[in-house]
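Following this line, the structures themselves.
Presented sequentially are two complexes of chain A, the first with chain B as partner and the second with chain C.
Showing the complex of A and B:
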């Protein structure tokens, strides 16, 4: 198992590493969350459904709004407009915070907490 | 392998025998079904056979004879007789719902059978609603099954809804436009909507507009951009996925009819078959400002849903025509000499692996537009070998046009002429060799 501290490290490099390994641990002071993509949204992030990520949380509050841009800059593999639109997710993607619709959690303003699970689920239409 | 005269004759004869059999079975059923002697029953809504048939659910405290009577009075409208509609209709019919109306415009195709469990090999090319209702009547002749072979649009659905009072609607459709249409119809007529969907290894289920819960538009006020939507024909689907979701749609519909609590309203069930996990999500409440179910709705009559979604209300692919006439090659002129001509098949690698024409080369469209170096080097080497004509091929002739245009704009060799095989492999199968599988 890998152990990586994010302090003083360029977050983009770490994210690439995290993406390759799909999993890493960080020190306790950091914000550790699980990102999940489903319903086809995983195609946007290299067909990987689960991403364990961590952010330096010292002096910084991370909102889902920040997270969206972090995803765009770090793990998004497709054109940004397939994921983001006007500072939010594009129509047809549902965001869930710990198994609840993010509309119940103040959407982009929700402040991430350690061990949160944020799910991006594309709605299905087939039958 | 074309349908020979013998085959045609046999098919006709089998069809006639089946109809004859159905008549005799119906006769036998009528002779065997005797009304129950009222002295044994408090509620004489049921025949002896019905009591026996439904006994396993009627002896449940949640159902009882009153619940069964509600089912028998119940009327359900099912939009779509495919992967979701078949299992849903099967369980609702078996459970003894009074009346079930099926709406679907399509005919049964061979590629439907892995998931659309009411249809069989003998039903190819007959309307899905006909095939489904034949099976359902065989399973439970007490149920009034109404097959409607119509395309669900604003006109047909408003007429269907006016003609009858439905207690529950099931959305078992396969496209975004129909989903908005069915939602609006249900809100405007105040009918709970059990909505299911499935693709590849995942399924989703929820109940809209029930017990003051949200509707589809509360969740998705804006339709998704058309190019982000994948259908079963392109993305594929494993049969048991719509099976699971369709069966659960039947369950929720039965709960609504029997008036049981804890219907899946305001919640969304996510089923991931790849890990065999179910997840239950708490959804936002009804949006007071919702355009259709809010306090002051702005959509009060049905609109043009294809226009609203920018997409057709079916899951068929609409053919494009984005290159010049001269660049289109009729499939009958498919190159024989594959030494001096090159055919590039731009389908995804896994489709190419499933079936492909010998002597062709696979460069998936999605990879060409991402990184065209590989295909550039390939074309370069072929040009050096003296190749002057390159043909693009795909499933239906759409992606091959896109790939060709991209190549023309990015990798242009003066000595090379690009061509598109019009209609793709579907046309190849139709006009050259029907043993090439159309999928």
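Showing the complex of A and C:
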């Protein structure tokens, strides 16, 4: 019951709630994802390279597209336009799913599985 | 998970932007390296037994270039003597950190490293220049000064050749930028894989046909450490607009990058087009389209307290320079004695106003190949 009502709340609230209450995290959030930011992209998320996150996955399929908006709403610290553009990452940011190019996996439509590791590498800087 | 297009049986890890192939890690390394080898041999970039300075910034391109050059040199027996050459622009929080990465490259790849600073060469750090002129045109200064700094560095090291990490995206970006600016002369030469600035030391671009995406992926899979903080001054640079345009188009069709380079290469400027004649700068001797080269003009402006001098039209610059010439008593003293050396001093071996001491000439004499060691 609790879960169903929560599903209608926006993603940000769920995750905030999940972060605030360890109980919720353990019982409902069974989709564990490791996020990594590199190549300069870490600047956008408060210079923290690795983020361990968890989502409630019951009755809900999470795609990378959903994940991008979750990142924007929850861990992006500055200038979201440098990360997100037209529902995908800004061109010039590379995405790897378990160390493989996301372009091989239907990019934003890839469905997240538990223990996936998603890496974002920016190429947008000088040399 | 798709399998490798080479049919090696392994899972693919990357979709190549250039060909659309899905490749596994091993086949990607092989393709990446042998394409650079092919570029080098087809354009005959290096002669056996020559010394090559690799322009090293600590960024992804120069780190990958240094790694691949070392590897290919050993694998295909180029018989090259490789050096790293770095320019310290004096940008706090950017170059001071990235130079640590270059030092790491020096140790990892066992190559001698020489660092030259803007302060040594021009008497100004980029921080000081930005304090003087603000953030609108600072990249003009940095770019012009760096280009000459690398040439001077290559000259000082007495190398036969200077290799830079310009990649396919950079070249395509430059083509676009020269079109947007209507700079036909630069458009005409910016795609050359070998350029000569008149000092007899060719500058070569072994990564000319290598996509930025593949360079970053290569560095990632090879676990190469590079420095990736955006230059603290860069956001206002004009190049950024050309870059975004290119990246947006690449998303629609990655082959546009190769097509833009190809367009630039095959483009022929009609014979009636007015092109600047190249000559040697009357002040420093470097190749220039004007009597006084851009670096000398910019430096003159800085030293005379007229920092906008080199930004406007060249005809206006010439008039301003003539005015300065007539009123030379202003030299250096306008800014106190902190920036005594300008490019002119390089040739005359003395400063116009102080007469004797020249910081630059002393430092140049101290630098020689023999003194470069791997620490």
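Convention: the second predicted complex is superposed on the first by the 94 of 127 C-alpha atoms of A that agree within 3 Å, B and C clash if a C-alpha of one lies under 4 Å from a C-alpha of the other, contacts with A are read in each partner's own complex, and residues count from 1 in each chain.
Heads up, the rule we're going with is that a contact is a pair of C-beta atoms (placed from the backbone, for glycine too) under 8 Å apart; a residue touches a chain by one contact, two chains touch by 3 or more.
What you are looking at is a predicted structure, and each value in this text was computed from that prediction instead of being measured.
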- After lining up the shared chain so the two structures overlap, which partner does A:38 touch, if you call chain B first and chain C second: first, second, both or neither? both
- Residues of chain A contacting chain B in one complex and chain C in the other: 38-40, 90-92, 94, 96, 99-101, 103-104, 121-127
- Show which residues of chain C lie in contact with chain A when the two form their complex. 1-2, 11-15, 22, 57, 59-62, 165, 212-213, 216-217, 220-221, 228-231, 234, 243-244, 247-248, 250-251
- chain A contact footprint on chain B (complex, rising order): 80, 82-85, 172-176, 179, 196-200, 202-204, 219-225, 228-232, 235, 237, 242, 268, 270, 272, 279-284, 315
- Item | Residue ranges of chain A touching chain B (in the complex, touch as defined) | 38-40, 81-82, 90-92, 94, 96, 99-101, 103-104, 121-127
- Message: Using the touch definition from the top, list the residues of chain A that touch chain C in their complex.
- Response: 38-40, 43, 90-92, 94, 96, 99-101, 103-105, 119, 121-127
